[in-house]
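Below: one structure in structure tokens.
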């Protein structure tokens, strides 16, 4: 067991990433349950003072994005990319291990401190009012996580472009390879801005600089620009690996070749370019003038056709196939449905006047959770079930897997579709308590019940995975899902595994 | 390759819809963007966990704001310490209050009653309680241009009752 | 310096287009609107479009999932020629 | 076309033992983390940002020489609309010198006139640029009783105020020894955990009139009781005091004893009042 912790082989580091991702998903999900249980009724029930609540949702947000989505995506990437580009390992195995082992350090910093200034730490609150070492710990934790994801993406780019098998053209590699390549390039372009913003925020807190501190003549809106320039592409960085995984699973389970490989690649490249043109739609409410709002609206709308092409590609691939609805396929199709709702909501969001309705309200909470919990987590869980025989050599229990899927699908739909309407009724985001009025109470209760159902689904998921990893029946390694097609090359794994 | 023509038709339809929605949004935002000429100015100052208002004639109000129906108002919103956001859900008014900067938003209340004002940007300890009351009373409308009214619900049920109950 | 038609078009078109849009920016709107009505009106317009497209795509997905599922009797396995990529 | 031909190696299954060891490692790490979080939860959330603790060391106001009126330029007055000069309409006894104390951290001036476009700007007086945390020179104003001179800050023209020349005796030098004890709400008190009421506890003799001065740039109150109990404000309540405003608490009809009080706007600001 100890050799896994010190190994640099891509499957071991991939396994470490996946385990860390799942652990973060569970404890982050626990925080989400606490939040939803607190909001079941107006007034304070299980959390005594607002500060604790604010620290819980900040840590929930930060943890889910940086410690569940990114690590799991690079975990699956670490596992599959070397196999897909037919190279023995990642380009730099040691760098791969270093990039992983920075994450637990960042995770410890973020989790032990539990800062209270929301996951994007807007000044001047994060400078003047945010408390104690928790804020500085958060800043350093996120800086380390940013650095680790930059190192990881460099490793992926070099592996895909340079270490690819010479007679395997890039246009013949699987679309998951394209997804990882595009994501890594976007990370390299997007993250430096935020690294700078973090250092400036830290020196502002020390009082030696006044970049964003209004009392010293700084402008808090500058931070928001720096932040969102990184983080709008970052939300696409979260989504693209999941889309790549969906491209991996849908053709296999439909027993039919992919509808159009070119359309997938074009959509990926188009999205990666257009992603950088729409960051300030998060800032419509900070008093931008009309022409600026229009440009960013156009930038945002330009990103929609790319996602629409992906949806079309998937449905066209499923058309005419013999689809086997094992758990992986159900998760991916569930993710596809929720992806559509998220996209439709996004289009409404990007319309400038509607920002008066939706900005910083529960509509936005529902909208982005449909992405992160709907598309991305469902695609991840689908891929996790599909990779299960590859990782453990055993099969998970199929019926429990489907029950998990239905619990999660119903739970997620209940929570986040209701929250859209909650937002329209004007309930602001990040509030410890809401106006005790009948419609708001009912909708909060529906989404809290949905949260409990999702919690049950997640618990069942972990039970299924842990039990069958130890005691599941051994899988037929050539074709574990009876799809009549060659499964991944199991022998590529290190023997000590 | 599958016959890709359907895909082009699909993408074409999607793009046309987006262009239509973008144009519609642009058309509405055009009017929302700048206040009518003769609108009264109200200085709104947010600070950690309460709103203060100052009318043109200097009267200051804390936690309450009295406006007149049919009179366009231009809010000049700023903050004393951290970011807040001045938001009247029922009149779709929302603008961030950023310290060291004055943002403007305008509205012409078209129905009397009591509305909820709340803070829409996270601002710390009692952000969830940072609310104020807006009373819209009868007023002589000084608006020259014709007003178009549609039967959109005057006040969303939730927020109106909210003000009374808390 | 033969400026062919194509160059001329590339130069002329933006000038013309902007001159059309220009007045829309400049004039102070004399038509006083009620924000709430305009914003909710636009929102309903967006919702109508979102739900029509939604119905179409969800219908297609439901059909595909139902018709082409493995256990569907009508879904006789017909081998696609290998290498059909 | 796999590199090495596909030998039928034994499929390596994850054994229950391996799985158990893996879970133990994860569980132990999480337990250690949880222990640290639980024990240090408040500790990691205790100190305010260093930038808020930088107090521009305002020089201790020199003992008020006879005939000197002090006017404070409040912290944060550079923000338009924020309270600026305190007291706003200073009563200067004729013959008195006037000193402007700049408590903000940016440059200010006090220049006679209504604004930059005023013809006889800085004719009556002009302190010139006063750095943050410093005081201006002592200005002599030769005007007869009853005249009111408007003045403004050349750096921030929206900071306007005025001073009136009054008879010698009734214009008490501000900041001088006021009759009863004074309770100041310190600048930056709104940050949780920062020093709030000064002096705290405050001991007064029964019957005194306490003047409460809000030196912060946000609203505060001093309300008797505790945030939780319903009858807060029963004994005394200054109610909302604007930045720079002063209010009085009359202890005449309060029996001697110990009262604790807090700020309605920031419930974590608490203080004690002792009446003998």
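Going by the order they are written in, the chains are A, B, C and D; count residues from 1 in each one.
Keep this in mind: a contact is a pair of C-beta atoms (placed from the backbone, for glycine too) under 8 Å apart; a residue touches a chain by one contact, two chains touch by 3 or more.
The model shown is predicted, which means the values in this text are computed figures rather than measured ones.
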A-B or B-D, whichever has more C-beta pairs in contact: A-B
Where subunit B and subunit D are represented by their mean Cα positions, the distance between them in whole Å: 31
Whole-Å gap separating subunit A and subunit C, where each centre is the average of the chain's CA atoms: 26
Residues of subunit D whose C-beta touches two or more other chains: 76, 79, 192
Subunit A, residues touching no fewer than two other chains: 51, 116, 128-129, 214-215, 217, 290, 347, 351, 353-354, 356-357
Shared-contact residues (touching 2 or more other chains) in subunit C: 35, 38-40, 42, 46, 53
Topology of the chain contact graph, where touching chains are joined (line, ring, star, complete, other): other
Partner subunit B, residues of subunit A touching it in the complex: 50-51, 54, 116-118, 122, 124-125, 128-129, 214-215, 217, 219-221, 259-260, 262-263, 285-287, 289-290, 293-294, 297-298, 301, 304-305, 308-309, 312-313, 316, 347, 351-357, 359-361, 424-426, 428-440
Contact footprint of subunit C on subunit A as seen in their complex: 254, 256-258, 261, 290-291, 311, 315, 318-325, 333, 336-337, 340-341, 344-345, 347-348, 351, 353-354, 356-357
Complex interface listing, subunit B residues touching subunit C: 17, 20-21, 24-25, 28, 30-32, 34, 36-37, 72, 90-93, 106-108, 110, 143-150, 152
Residue ranges of subunit B in contact with subunit D within the complex: 43, 45, 47-50, 52, 54, 62, 78, 80-81, 99-100, 102, 125
List of subunit C residues in touch with subunit B within their complex: 24, 28-42, 45-46, 49, 53
